Structure formats: C-alpha cells, structure tokens
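Each structure below is given as structure tokens.
Next, two complexes with chain A in common: one pairs it with chain B, the other with chain C.
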Partner chain A sequence: MRAETSSRAPLPPGVFLRAEGLVKKFGDFVAVNGVTFDVPRGKVFGFLGPNGSGKSTTIRMLAGLLNPTSGTARGFDGLDVTDTERWKSRLGYMSQKFSLYLDLTVEENLRFFGRVYGLAGPRLDERIRELSGTLRFERLKDTLTESLSTGMRQRVALAAALLHEPLLLFLDEPTGGVDPKGRRLFWELIYDLAAEKGMTVLVTTHYMDEAEQCDELAFILNGDLIAHGEPHALKRGISGRLLEVDLESAPFEALAAVRGAAPLEDAYLFGLRLRVLAREGRVDDALSLVSRLGTPAVAEPSLEDVFVDLARGYAERKAAAQPPTRMVTT
Partner chain B sequence: MNRLLALMRKEFLQLRRDTITLRMMVFIPVMQTFIFGYAINYDVKHLKTIVLDEDRSFDSRELVAKMAASQYFDVVGTVGSFEELRREMDEGRVSSALVIDRDYGESRRRGAPARALLIVNASDTTTSTQAMSIAAGISNQLSVQTLARRAGWKEAALPVDLRVRPWYNPDLRTATFIIPGLIAIILTFTLIPFTAIAIVRERERGTLEQLQVTPVTRLEIILGKLFPFILIGVFQLTLIIGLMVFLFRVPIAGSVVQLYVSGLVFMAAVLGLGMLVSTVARTQMQAMQLSFVFLLPFVFLSGYVFPIDGMPKVFQLITYVIPARYFIEVIRGIVLRGASLPELWKPMAWMTAYTVLIVGAAVLRFKKTND
Partner chain C sequence: MIEARGLEKRFGAHAALRGVDLRIAEGELFALIGPDGAGKTTFFRLVAGLLTPTAGTLRRAEGATFGLVPQRFSLYEDLTVDENLDLRARLYSVPSAEARARAAELLRRVGMAPFGARLAGALSGGMKQKLALVAALLTKPRLLLLDEPTTGVDPVSRREFWLVLNELHHEGLTIVVSTPYMDEAEYATRLGFLDEGKLLAVGTRDEVLAAFPRPILEVLSPDRNGVRRRLAGIDAVDDVSLFGTRLHLRGAAGTGTEILDSVRAGLTGLVPADGVRLVPPTLEDVFVLAGDEVET
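And then the complex of A and B:
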C-alpha cells in the first residue's frame, strides 16, 4: 500500500465512486459549487438538472475531461481522478453528441476506439462481434457512420464506449434525439449491464421517465446539489401533499380560480386534470378549496413534482440567505 | 505506442476518404509551381516601341536598329508627329516610344551631343527601370564608339571597364530565383490551413472530447494529428523539387539531404502555426480565414518575391519574425549557391529557434483551450 492511499480511508464497499467537494470555476462564474455524493456500486445513478445547472460540468470532471478547481473524486477501488491514465482506461463515456468519426465506417470507428483502449487482435474482433450482436448493428459494419440514423449512431457510440468493458459508464444525455423505441432498447441494455456485469452507470438526463428508472438520483441546480437519494425516498420527501381533481371542462378557468390561493404551494394542469400541491399543515384548507371543482384524490407525486418542489425550496433558502443589498463583485 | 499507431492509422483512413483534400495536396503545389514558374518574369523583353524619327538619317536608323537588336525593344511602327505618339502611348498600344531629334545625324558627325528621347510607360516600375538601363547601355556604347573614332583608336578599349558577372544564376532567369523559394510558400499554403482545419473539425464534431476521455495523452493526440501532415509535406517537397529540377531545369547545387533537413524544420514551424490557428478558431471556416492571415506576410515579407534589402526599415524588421524568411534564405543557399547547412548556420539557427517557440506555444495553448 502506498502512503498516499493509506492516509485516506478507503471507500465503503458499496460505494464505487465518490465526488468530494467538487468545485469548477470559469473565471468568476461558479459552474459547480462544492458537490459531494456517492455513486453506489453496480447501480444506475441518475444526475438531473436543467441546462446550465452544472450537471455536464460535474460529469466531465468525474470523467477526467476537466480539472476541478478544487475537490476531487475517488473510485475504481483505490484510484484518484488525478491518476488520469488509469482512471480513464477503466471508464466508458458517451455524450449526447455521439462522437464518432462520421467519415469512418462503423467497424473502423470501433477498431479505432478499441485500439486506443489497448485492445487488439482476436479479443478486439470478439468484442466487436459481441457488441454489434447485442446492439443489433451487425449488418451495418461497413456503412459510413455519416449515413446512419441518430438512433443507430447512438448504439454504435455506446458500443464504442463499452468495448474495453469499463467498470463505470458515463452517459451524458445519451438519448437526446432518439425515438421512443430506441430509447427503450437503450435503457434495457443499460439495466442489463448494471445487473449482469455489475457495471456502475452514471447518467444525466432531461427525461423524467428515464430518471424514474434510476436506482438513485441526484438533483443539481445552479451548481449546487439540492437533493440526493432513491426515487421513492425523494417522492416521500416532497413537502405538502399532492391532490388531483378530474375536471369536466374549462380547465384554464379552474386553474385561474385556485392559482395563488394561500393553502396551495403550486397548481398546474395535467390534461383535464388539475393538480395542486397543498402546503404542509394546510391540507384540509386545500381540500376544501379544490373540492368546489370536483372530487379530489391524493396523487402520487412524479419526479417532476419533486424537482419543482425542490427548486422552489432552494430558491426560498437562497433568497433568505441573501443579504438585502446585493454585494457587487468587481 | 500502440495508441499512437491507432491514431495515425485513423488519420490516414480519414485522409483516404477525403479525396478532395488529397487532390488539393497534389494540385496546389503543381498549379502554384506552374503559375509562379512561368508567369512571374522580371526579365522584361520585347517592349512594344514606336519610333518618331525626325532625322531620317543613316545614324538615326542605326540607333533604331541597335535598340531593336537588344531584344528589349520591338519596334512595331513609326509615327509622324508627337501628337500621334502621345495617342499611341495613351491608348496603351505601345509601352515605349523613341523620339530622334531632327539634327541627330548631323550632330553626331560634328561631334556635338546627338539627342534622342526614350519615353517609357513607367506605371509598371519593373518594366521602365529595365528599359532605362538598356537605353543607357546603348547610349554609352554609341558614345564610346564616337569618342574612340575621334581619338583615332583602332579598337575601342574602355578606360574603365566595370563588368557584371551574374553568379549562381548566369542566365538571369526569374524561375531560378522564384522556384526554390516556392517550396516555403507551398508548404505554408497547404499545411497551415489543413492542419488547423483537421484539428478544429475534431473539436467541432466532438470527437476531440471523445478522444480525451480515453487514456490517450494530449501529446499522442498532437503527434497522431501532425504525423500524416509531415508525410504530406515531405511528399509536396519532393514534388516541387522534382518539378524544379526536371521541368524548370534549376539544378540543386548543394546537398539534397540538407534541403530535406531544413524542410522538416520549417514544416514543424508551419504545423505549429496551424495548431495555433486551431486553438483560436472555433469553426473550420474561421480556421481557413485565420490561416490566410499568415499567408500574405509569408509571401511578401519573406524575401520570396521582393528583396528584403529593398523594403522600408519597419518592414525589414517585420521580416525577422517570419520563419519563411530564414527558410527561403537556406533553400536558396543550398539550391543556388551550393552552400551547406554549417555555412547557413545563422538562418538555420533562427528558423530552429522560431520553430521551437511556435511549437511550444501551440502545445501550451492546445492544452489550455481543452481544459
């Protein structure tokens, strides 16, 4: 054991990757503001947040693409992210852009990335055969990548990221622009990989239905980690109670009638259904308010509700913490 | 090492598919060699000339014949009046006009100054300067003859005989001067934009990022990218040298190996500039346009077309920071004078220093922009 690794406690066995106070500043702009979380071994970990929230920056630091301004990441059973070459050789990375060489054929792309990860000879041939089978693109091996559909490119890019059998897979918005069928196939595969091969997956996504399927989730907003946990736990943690009313007609009028009422945290339409989030401790008031419109029922909050609620709480905390006159930094 | 080989192999695969670029790699040097080799010509000959001979004597006809025999002036006609002469000049039908005074012959016989006038279209300075020096030569020759005859000398031996012997380019061919320098220009024209575009394209398409999450190091990325371009540069160098020696008959007086050695150093500088461009440009279009920023100074301030000695002081100073200046000095030294690299140590040292500086800056910036 080397002195530097023994000086820090090893990660618990269930934790595969740990982000420790990651900060990234671009000039004065703080893109990621001291983010700490654990990614459990062999699980699919979802990283959620709106555009520009710092989720891609975080994932890029974890993948060794960006050097953090401060903080670090540990993982792969004893490696540090600063041990760049070994760190990178153990991870797979696929981004929303599906970065393949468009002027190379599918097979040429795979051979190139395989070689870059140190694969060669029969093992490389075998991996390519295997993956093109699982991901169903055997017949397209000699096609120029340029002429593939987005969904097909995505599969090839995933294959390229999986060639060297990485222990950790980073997926940065992997399903953007892919049709629903392609998305489902993709996710089935990701779950198989996590379950069968024990691969840990860290994925960022916009799609709440995709987030719903993750084993664990982290929400990031303005560079701050605002919540972290299993989807069910996050839903249980929502402040207040979500109520639902089936409307007969005139949904916008119904919405206008209740929006802004004191007992309600939030109100929105979901087709011909009105959903309201009752404030903690004022559920009865909220019930009587909405029962004028129809018969209310308690609804299971979606992750979207959770996220909206978390974002609101975050904004309130920020406003409270802010001094009345804003400091001007020069 | 395997990773580096994989990167190079990928680069060649891409290049093989990019047939337009491949064709340009051959077409640009050949086209430029032909244009510069044939079209640029400083030896102005056969200037269209008209004559206004007011004397019409034996002597005046002798003067016209002498001018025509120089091959610099083609007498295309005669005019009867100065107005007619002016019209011919104004309308651009002729570039020079010879006016011979009414008493030209008479004066010569008497030994008084015989007067004639050569008018040249000096809008093109190269043409007119040359015409003037040829005219002065003819004038001197005729004067010496007259003086010798008067002094009673049988042979006209000049009291002062200052001759010019054009070494290294005895026939005073422009091609001999232009083509060796063209090597520097062509390498600049192709390698800066191609390198810059190749790197910017990877960044634009996101493949550079994909490479950076692999264990490949930045040095490997850079080397893998540049190596194919060095091969292209060597290929172009060989192509131009071939055309120079076999088509334009400019023999290499010095060592071919040393020519390649200096060529490789220059290529490194140019590739470095291409990389620098790639760190500034965001799109391939910008890379192309930015590359052109280097091209004009490389052509005009490197001593390639215009002699550095003739430039204003400020521009002479600028030439010191243009690597092509040193390379052209080295190539001309090797090709024309048969000089060896140790003899050319000074420009070689400067060029090497700039190469190290440029490549260093490029690598640093490349690292920074991708952080």
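And then the complex of A and C:
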C-alpha cells in the first residue's frame, strides 16, 4: 500500500515532518518513549538532550534507518517513513561518526557517496565542485581523509550528505569533538543552507550554546520529550527569575554561601558567574540574598538554564508519577 | 609537580606535540584547552608514562602518584560499580579492607552510594564519569589527570562533577584537566591553550584575557543574517560569530576602539547605536583567534 493513500489528513503547509508517537524498545529498555513533534519547513530544528537520552535513536527512526517499535513519521509532502526507499532518497544524513573512508581521498569519498545516491558523470563533477567551494575544502580534494582535522572531516561528511540535494538534512551530533572555531563555522553553513536553499534541517546536539541558533527546539530526556517550542518561548518559564552575579574569584565559596537558601530554586556557577533561580514571587528576597556577593543583575536565560529547569521539573513529576510531557506553545 | 621541557611526541610523520614547555606546581588546578587533535590526550599519556617522549623531557615530581580518568570510559560495562572498583583495587594492590572503605567513601561523595550493585554499562554518562573518577582516586594519588571528563555529559552532572573536583583541589590534590567547555576552564588556577602540538598561551584566566590583542564588539539584533551581510563590507572586522542571540565581532589586527564608530555607522538603520558595544573578550574569543592565527 502506498503511503500517500493514507486516510489521515495531510500535514499543515508549514510542517515538513511530523513524528507521531515514536517508540523504540531494545528488549526491556525503552530508548524512546512515544515522542510526537513537528519539524517546520525550511527551518533549523534542534533536538537536544544529554548522551543516552534517546536523541540518536529518534533521529535514526526519522531518517528511516531504524524501524520504530510503534508510532510513525510523515513528511516530504505526502510520504510515510514506511515507504523507506523513497523517504531515504530525499534526505541527507550525517552522523557523529562521520563514516568517511579514511584510506580514500576527499574526492574519492565524495565520488563513492555520489554513486550510492545515484549521481554520475558531469552532474556529480559539478556537485563536488560546488560543495567543495561552499564548504571550503577545495584545496584538500586530493588529500587522504585520514590526515584531515576533525573539523575538516566533518565538512567533507556534510558535503557527502548534500550531494543529492536533499530536501531534509539530518545532522546527528555533527560537531562532536570539533573545537569552538570549527563549530561556529559549521553552524554558519547550516544556517545558510536553511536560509538560502530553503532546506529543512534537524540537528541533535548536547551543546546548549549551539541550540540557541535553532529556530525551534525539542528537549528529550530518558526517552521522553520534555519540552518543545521556540527558544524565546522556552525561556519564558524562567525569565525574570534568573539572577546573575559576576564574581572576581572564589566561585565555589560564593556558591556554597547561597546554596539551599529558601528563596532560591537553584544556584549554580557558569564560570566566574553565579546564577540563581528565584522561586516564584521571591525575586526580591533572592536579590537581597545574592547582593552580599556582588552586584546582581537579572540575567537572560540560556538554553542550558532552561534545560536544567525542565529536567528538574521532569524529575519531580516522575517522582510524583505524573505524565512526563509539558508542551510549550508559542 | 609536572615539568615539560621541549616536549615532543611524533607518531610516524605526525607530530602530536611540538616542543611544549610547561610547569605545573603542586596544588594547582590546571586546565588544558585546545581543539580536537591538538595533542591534549598525548600530553596526558606522556604524563601518565603510557608513552615516552620523542624528544625533550617530561618529569613528574618524586613520589607523585597519579590517577588518570581517560577520555573513553575504560571500565567494564558488564561488571557492577562495586565489582569494577574491587577489581581496580586488586590491580593496584590496595588492601581490600582499605579499598572497600575508600570506595564507599568516594561513592558517597559523588552521590553514587546507592548504585554499587548497578552494572557500569547501565549508568548514565554523568555517572560513568563519576565512577571513572572514583576508580582513579582509589589509590590515593597526589596528582589527578582528567582527559575531557565532562564532554557530552548533561549540564547538571557537569556541575556536580566540578563541585567534586573543586573539593578535591581544596584538599590539596593537584589536578590537570582538559575540557572543551570554556566555562569550566574558568575554574582553573591557570590554563593553557594547546593547538597543533604547541602551547600558544599559558596563565591565569585574567592574564590570558589581558593579553588578548583585539577589540571585541557585541551586537544585539534579531536580524543576524542582515547584520552579517552588512558587516561583510567593513574591513576593520575580521571575524563575526553568533553567540546565542548576539553577534560577536572581532576587530582586525591593529584596530582599536575607533572600530565602534565604524560598526555603528555601518549598521545604521538596522541596529540602534546602543545595540553595539565594546565588551571584554572571553576565553572563547581567545580560543578562536588562536585557531585563526595558526591556520593562516
């Protein structure tokens, strides 16, 4: 049966991909516990969570590389993930393990992957030329992949995933092991792909600073989707209650001085800055408490702050055996 | 505690370390920062005596026993937490009564007391790293070496891990730790930037930041791509990077504070004047500049 004949209503035009109740079990272990979310068309969608939270398993199911235990995914204007070959031919996938052949040159790798995607002749030549220019590795085409830096290998792997001009790009921890400079460059490229080519990008990362670049985000923890929305909407839950004090020195002593104080829901360090989250309605008390340590200011929440807050709420709900999902609507 | 002089390590044609001079004193908490492939892991292996230098010398202070937390989890996933620690104690001939007491104390400190019977393979990423730390501390070393212990670990576990490291440091342990997280590098007494086998900067955070030779501007704008396009025409700006919701601009070599006016002028109509300001450099700015200068 062809997926398009499904009786379900088509996805709204702004939605490019929809995950519907995806579950993946490995024996007794529930790696992904029924996640549902929409990936908007032409946007960069971030899928976040710590190692082992179910990120990669989810992205592999969405990429048609792993069969879900239950649930499904729809996208590409009328396809279903069970229509695996057509689904896969329209997407690009790059994983944290890059999967290039180290004993081949850059160009040999790209030719190999091009043929896998059914490209050949002048078309393949042209794509390799274009991508090595855009991704800035032109002068390294004849270099053995083995001798490239991690950041450079990552760009070559990205090129391999883009050869067949996919409509949707999956990036699974693309910046793992790459230094800050390489990470920044990579994100600029990703942004340009979405903005200029209209490509939809789904990217997993555990670097919360990278997540700030995404148009929309979903947080996953222990296989449960714990929040989903635009970055500014996700931040709303703690904005106004997060205070920050710049410390000159002795950060751990400053932390010890306020940790556990009644007006504070949380206190932690970010380098030489102390951040405290005031309980609802206790901002003034929190301010006077931390003003002993320096001049406090209301801080703009980072996504790391948001994640920690969401994870705490999740743990509390789990303890109270409440349903684990909280959706943030924008 | 550690002294490297002209330290070199080559693997065939590849030079992993190319002449590193570094002294780390007893009682320091030293952070080693650098991109993947910079030579950090090689440095740890040399300090641990797992490798020998190709040239130069590396000395550890006499009696400087050490524990190593390697980058890859190297305990047995099919053994429990207790079994792993018991095995480790026997490998290093720690008397079993002493080892058991010490393991219990260390597990309590890292908040893992209830997990002794759990298989190591079933621990979260953060707990695996805590277990590796406990294993490294079983022999009561004077020097603790940690090779990217928090990479990929969730933020809460990272914080907990650093609380423990700080306690250990206060108790007198000398610690050398590498990290890709710049916020963690700020907890160190001193830090060193390693890139392509060379140590590019060493000092306290304030020393390293004070030596930064370029102005940094911050631009607040929701239209980041628009700002980037405009800035492409300003020669005095040689790097633009997205920092969360902000853009960080770096002035080219030789530029001073006058760059503020040229950027404000260049962004007229797009960003109000007070949306552009000079900010102090961060460790990440230092890191990125170091990478740029090596590349060219």
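The rule we apply is simple: the second predicted complex is superposed on the first by the 306 of 330 C-alpha atoms of A that agree within 3 Å, B and C clash if a C-alpha of one lies under 4 Å from a C-alpha of the other, contacts with A are read in each partner's own complex, and residues count from 1 in each chain.
Basically, a contact is a pair of C-beta atoms (placed from the backbone, for glycine too) under 8 Å apart; a residue touches a chain by one contact, two chains touch by 3 or more.
Since this is a predicted model, take the numbers as computed values, not measurements.
K.L.:
Quick check on the superposition: with chain A as the shared anchor, is it clash or fit for chain B versus chain C?
P.N.:
With chain A aligned, chain B clears chain C, so fit.
K.L.:
Quick check on the superposed pair: does A:100 touch chain B, chain C, both, or neither? Answer first, second, both or neither.
P.N.:
Once the two structures are laid over each other on A, A:100 reaches chain B alone.
K.L.:
Return first, second, both or neither, reflecting whether A:272 touches chain B, chain C, both chains, or no partner chain.
P.N.:
After superposing on A, A:272 lies in contact with chain C but is clear of chain B.
K.L.:
By residue count, which of the two partners contacts chain A more extensively, chain B or chain C?
P.N.:
C
K.L.:
Give one of first, second, both or neither to describe whether A:63 is in contact with chain B, with chain C, with both, or with none.
P.N.:
A:63 sits against chain B, while chain C stays out of touch.
K.L.:
What is the contact status of A:112 with respect to chain B (first) and chain C (second): first, second, both, or neither?
P.N.:
Touch partner of A:112: chain B, not chain C.
K.L.:
For A:89, using the defined touch cut-off, is the partner it touches chain B, chain C, both, or neither? Pick first, second, both or neither.
P.N.:
first
K.L.:
Given the superposition on chain A, what is the angle at the CA centre of chain A with arms to the CA centres of chain B and chain C, as a multiple of 10 degrees?
P.N.:
80
K.L.:
In whole Å, what is the nearest CA distance you get between chain B and chain C after the fit?
P.N.:
Result, nearest C-alpha distance in the overlay: 15 Å.
K.L.:
Do chain B and chain C land on any of the same chain A residues, and which?
P.N.:
None.
K.L.:
Can you list the residues on chain A that touch chain B in the complex?
P.N.:
My answer: residues 63-67, 84-86, 88-89, 91, 93, 95, 97, 99-104, 108, 112-113, 115-118, 120, 160, 170.
K.L.:
Tell me, which parts of chain A touch chain C in their complex?
P.N.:
49-53, 149-151, 176-182, 184, 187-188, 191, 195, 206, 208-209, 212-213, 231, 251-252, 268-272, 300, 302, 304, 307-308, 311
K.L.:
Give every residue of chain C touching chain A within the complex, in rising order.
P.N.:
Its residues touching chain A are 34-38, 124-126, 152-157, 159, 162-163, 166, 180, 182-187, 205, 225, 241-245, 284, 287-288, 291-292.
K.L.:
Over in the complex, which chain B residues touch chain A? Could you list them?
P.N.:
2-3, 5-7, 9-10, 13-14, 17-18, 205-207, 209-217, 371
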